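Okay, got some structures for you below.
Shared between the two complexes below is subunit A, which pairs with subunit B and subunit C, respectively.
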Partner chain A sequence: MILNYLGNFALLFCLIISLVIFITSISCLNNKNFFLKKNLNELLFFKFFFAVLSFSSLIILFIISEFSNETVLNNSHISKPLFYKISGTWGNHEGSLLLWLLVLTFFAFFYYLNSKNRPTDERLLTILFQEVIILGFLFFLLKASNPFNIIYPVPKEGLGLNPILQDPLLAIHPPVLYLGYVTTSIVFSSSLAGLIKGNINNLWAKDIKKWVFISWTFLTLGILLGSIWAYYELGWGGFWFWDPVENISLMPWLSLTALVHCVLALEKRSILHSWTVILSIITFTLGICGTFLVRSGILNSVHTFANDPERGLYILFFLFFLIFLSVFIYFIYEDKFELNNKNLNLYTKETSIILNNWFVMYFLSVILIGTVYPIFLEVLSNEKISVGPPFFNKLIIPFLIPFLIFMSIGPNLKWTKNNYFSKKLKLIIIFILSIILSTLVSKFFGNSALNITILLAASFYLFIITIKDLIKKGFKNYSQTISHFGFSLLVLSILLNSIFSNEITSNMRVGDEIKFSDKIIKLQKLENTTEANFLKLIAYFKIEEKNKTELVLEPEIRIYDKPETITSEAAIKTDIFKDRFLVINLVKENEYLNVRYQEKPFMLWIWISAIIISLGGIINIFKKNEKQIL
Partner chain B sequence: MYNKKVKLRALFLFLSITTLILTIFLVLKALEENVVYFLSPTEIKNLNETTTEKIRLGGMVKDQSIKINSDKINFIITDFKNEINVTYSGIVPNLFQEGKGVVAEGILRDKNYFKAEKILAKHDENYIPPEVKASLGEK
Partner chain C sequence: MKTKIVIYIIFIFFAFSKYSFSNDLKLENKINKNLRCLICQGQSIYDSQSDFAESMKLVVKQKIESGMSEEEIYSFFKIQYGEWILYDPQFNTKNFALWLLPILLFLVGGIIILIKFGVLKKRL
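For the complex of A and B:
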């Protein structure tokens, strides 16, 4: 009980400190020797401390199952394992917002600590914008979704956490994703502050670059974790469904990817000032948009969990406020940009970065339209539609081909003038080699689609060129080469995966057999067991293949009682070349089991390549700044 | 004679505009071809002619209507006013149960018979498709 008050008061203290910083920093904006200069660090630390206090009291409330707390009551119950009691803290709306706030306050503190080489007024302004965001979240938390609401009389048992969320991966997926989202807020605030002070230049880019890379790396990993979870938990055997909720996490990632490239151009060549600022604004807005759309229930998504439109309205309002504020600031201070009088050259790295940005923005707008269009249509004409994978595949796959080719050539161009095309012969040889490779793969495995063959050739091209660069150039720019290599591997594995995937579905009784190419799949027996908080039904399948050892797969069905839910746990056997994926489901209390067996080649490589992509980001965060090339 | 910079600027502008127009055109065209409409059984009964396009059919799984054999699952989707028979062979989601909400994607054979290619269900066990909620509210 006392923890409820503690958590609540800690939040209130956060609010007070935020207001103090906000008001004093506004009044000190034009004052050189403002009193905050000395104490801002301490204030930010105390705010972070109170946020930690508030969050940890919520965690403890979850651990001791204190059902006088409404959030705990709705999302936990006594028999749940300790691990999921803790992860349940941020598995719900209120707790996840508190986590947002915690990360926000941490990064505000951390930024101030690590930006001593920036002008003081710019740092102060950044903190001011950060406070605006923090205040928005604090008001929202306290007014519309307080995690410390008290229920009286105290109920004996909680309602439980949705079992589909009781998963180790999903316990770390939201925090990682939030770390990515929240870091973009620093980029956002800092670019607005830099804009007002006229500080957007190559030095600014050099300092903000780290934040952009931190954010990009976390977002990449966050999306990867969510994707792996969907793969084994949702039982469809795919890793990406073009579902609105997935698209929404991909959109900020895309604009961040554009930002990563254009911040480099700003640092090295002092170009694209205003575009960098616009991208920072877009990225952060898309991040908030994501929270809004996921939490408000506007999206017609398979991932929709119980939610509340009223809260959505608040976030929508906040979102519009932030967009309006940033656009307003942008247009007032736009003329403060440093003008560059450098000669533009066509065959340079700059051009390839601009091209990259164009392509990425194109992908972004396709996804944005595909995700948002159904919402608008429903509001306008009351027609309900959904936009599925064919739409995205059709609009994105053809443009991946030039994208991949520019991605191979671009990094090898020089920033200013360049003599790359003197090495034409090598490029052409590699290109021909990749075409031959992809034709062989297509012919050999009976894939007839021309566009897939060309895409395959383009990704082989990037693959070979990045490997060549890694070997030849060694440690020069290797973070970039690694990420690009990861991307080519990702496209390759996705392509091969979609070409060679194979599946069979059937309804089976114990003792039944089905034939699948040269294999025989047999349902041997069923077994019931009781676990801590669910009943478990295990099915034993034997897969016999000629001349090979037989394989036993044991998919499960779990029947939870709080809340009453059935989940399927797929049985997955992973090896280097392919995943064997078997999932079962109950249909009524029937003797038949609903069975789906899939063979998915190169699944493991999709995950590995995403890790390689983010590895490039991690290396970039920790490596020392290279010399300025101007 | 314009200098190189102005030329490049013009080229840049021209390319931007072309890209924009191309993007809009492509997106609209793809939308037109790939949109899937969402209908309730009543809306299907009220159609003048049955479409051959892929649609999504949403409603509740009627009580005692699920029949299963070795290669098919048959059931009835209802919005408590009209019913449609659905046949499906494939894996169903966990929340596919009698009396619960369901969304089936597939092709309409005639006004009483729907061949599903995909069955979607929501993570939330209390989910009811919006149309069904609306028609339940009218009752």
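For the complex of A and C:
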């Protein structure tokens, strides 16, 4: 009980400190009096400390199942395993916002400690903008979604956590994703501060680059975790549904990807000043927009676990405030940008980075329009349409082909002068090679469309060239090469996966057998067991291949009691080259089970390639630190 | 010139390649993936395991067996349940902006790049 008050008061202290920082940093800006310099990091630390205090009291409330707390009551129950009691803290709206706040205060503190080489007024301004964001979240937390609401009389048992959220991966997915989102707020604040002070130049780019890479790496990993979770928990073997909530996490990632490249161009060549600022603003707003759309329940999605229109309205207001503020600042201080009258050489890295940004922004606009268009159409004409995977595939795949080719050639060009023509022959030979390779692949397996073959060729091209670069360049610029290599591997794995996936669906009883290419799938027995918080029905399948290798797969059906839900747990056997995926489902009113067996090649490589992509980002963050030490 | 020849060769290469059409099961899955499960939240009937999705899958199977084409099946479901059920939005008066806006933005982006960097004036 006392923890409820503790958490609440810690939040109030956060608010007070935040207001103090906000007001004093405004007055400091005018007086040019930097007395705050000494105290600011203490204040920022205490704010972070109180956020930690508040968050830990919520965690403890969840652990001891204190049902006088409304959040705990709605999202937990006594028999839930300890691990999910803890992860349940951020598996709900209030808790996840508190986590947002915690990460925000941490990064504000961390930024202040790590930005000593920036001008003091720019740092102060960054902290000021950061406080605006933190204040917004604090007011929202305290007013519209307080995690410490007290209920009296105290109920005996909680309502439970949605069973599909009771998963180890989903316990770490939101924190990782939030780390990514929240880091974009530093980029946002810093670019607005730099804009006001006229500091947007190559030195600024050099310093902010680290933050952009941190954010990008976390977002990549966060999306990956979510996708793996969706693969084994949600669907029948799909890992990306082009679902609104997934799209929303992908949009900031795309604009960050553009920003990663564009910051490099700004650092190395002093171009794209204003575009970098615009991208920073876009990235952060997309992140907030994501929170709004997910939490407001406007979107119809598999992932909408908590929604409330009133909260949506608040976030919408906050969002418009931030957009208005940044657009306002942008146009007032626009003339402070360094002008560049540089002419672009066609065969340079600059051009390829601009091309990258052009295409990435196109992908972003496809996803943005595909996600919000149905909402607007429904409001305006009351007609409901669905925008699903076919739409995105049709608009993205044709543009992905030139994108991949530019991506292969771009890194081989130099920043200023071209050395393109000397390498031309080699590049063409590799190109022809990859076309032959892709045609062979799709012919050999005999079922693929023309556009897929061309896309396959383009991704083979990128694949071969990045391998060549990795070998040739060695440790020079290897973070870029590794990320590009990972991306080519990702596209390749996804393509090969979609071409060669094979499946069979059937209704089976115990003792039944079905044939699938050269295999026999046999349902041997069923078993019932009782676990802590659910009933479990396990089916034992034996899969016999012709060369006598046997495989036992044990998919489950779980019947949770709080809240009452039935989930199917897929049995997945992961090998280097393919996943065997088996999921069962109850058929009503008879003893049959609905069985779907899938063979999905290269699944593992999809995950591995996403890890490789983020590895490139990690290397870049690390590399930067190394230079600073030296 | 060399590049042009290479491109021609590539095109001829593709023109003579034969691409087999998918069989019934593939078609069935393709159609299932394009139909929304109406009682689920944002899942296709292919991905869903609800009763509604299961019975829809049966209907799709029957329709394919009775010889209806993919398009006919879509329009059948569209008449029954409205356009909401189709994951692949059709190109019509309501949706033309959905399809054309991204491409328009792409073109506008291209023009902005050309103007900003003077490529239009100096290079071509």
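Structural remarks
By definition in this document, the second predicted complex is superposed on the first by the 615 of 630 C-alpha atoms of A that agree within 3 Å, B and C clash if a C-alpha of one lies under 4 Å from a C-alpha of the other, contacts with A are read in each partner's own complex, and residues count from 1 in each chain.
One rule holds in what follows: contacts are C-beta pairs under 8 Å (C-beta built on N, C-alpha and C of every residue); 3 or more make two chains touch, one makes a residue touch a chain.
Predicted model only: the values in this text are computed from it and were never measured.
Upon superposition of the two complexes on subunit A, a steric clash is found between subunit B and subunit C.
Of the two partner chains placed around the shared chain by superposition, subunit B and subunit C are both touched by A:I369.
In the superposition on chain A, contact of A:L29 is made with neither subunit B nor subunit C. Contacts of A:Y592 after superposition on the shared chain: subunit B is touched, whereas subunit C is not.
In the superposition on chain A, A:N162 makes contact with subunit B only, not with subunit C. In the superposed model, A:V510 lies in contact with neither subunit B nor subunit C.
By the document's definition of touching, of the two partners only subunit B reaches A:E564; subunit C does not.
Applying the stated contact rule after C-alpha superposition, one finds that A:V387 touches each of subunit B and subunit C.
When the shared chain is aligned, no partner comes close enough to touch A:I467: not subunit B, not subunit C.
In the superposition on chain A, the residues of subunit A touched by subunit B in one structure and by subunit C in the other are 234-236, 300, 302-304, 343-344, 346, 358, 362, 365-366, 369-370, 373, 383-388, 390-391, 394-395, 568, 585, 587-588, 594.
Those residues of subunit C whose C-beta lies close enough to touch subunit A in the complex are 2-3, 6, 10, 13-14, 17, 19-20, 22, 26, 29, 33-34, 36, 40-44, 46-47, 49, 51, 54, 82-89, 94-95, 97-99, 101-103, 105-106, 109-110, 113, 117-119, 122-123. Of all residues in subunit A, only 234-236, 238, 241, 243-244, 299-304, 343-344, 346, 354, 358, 361-362, 365-366, 369-370, 373, 377, 381, 383-391, 394-395, 399, 428, 431-432, 435, 439, 442-443, 446-450, 453-454, 503, 568, 585, 587-588, 594 touch subunit C in the complex they form.
Across the complex, subunit B meets subunit A through its residues 4-5, 8, 16, 19, 23, 26-27, 30-31, 33-39, 56, 66, 68-73, 89-98, 120-127, 130-131.
Remark: subunit A residues 162, 164, 234-236, 300, 302-306, 343-344, 346, 358, 362, 365-366, 369-370, 373, 383-388, 390-391, 394-395, 505-509, 512, 563-568, 583, 585, 587-588, 590, 592, 594-596 touch subunit B in the complex.
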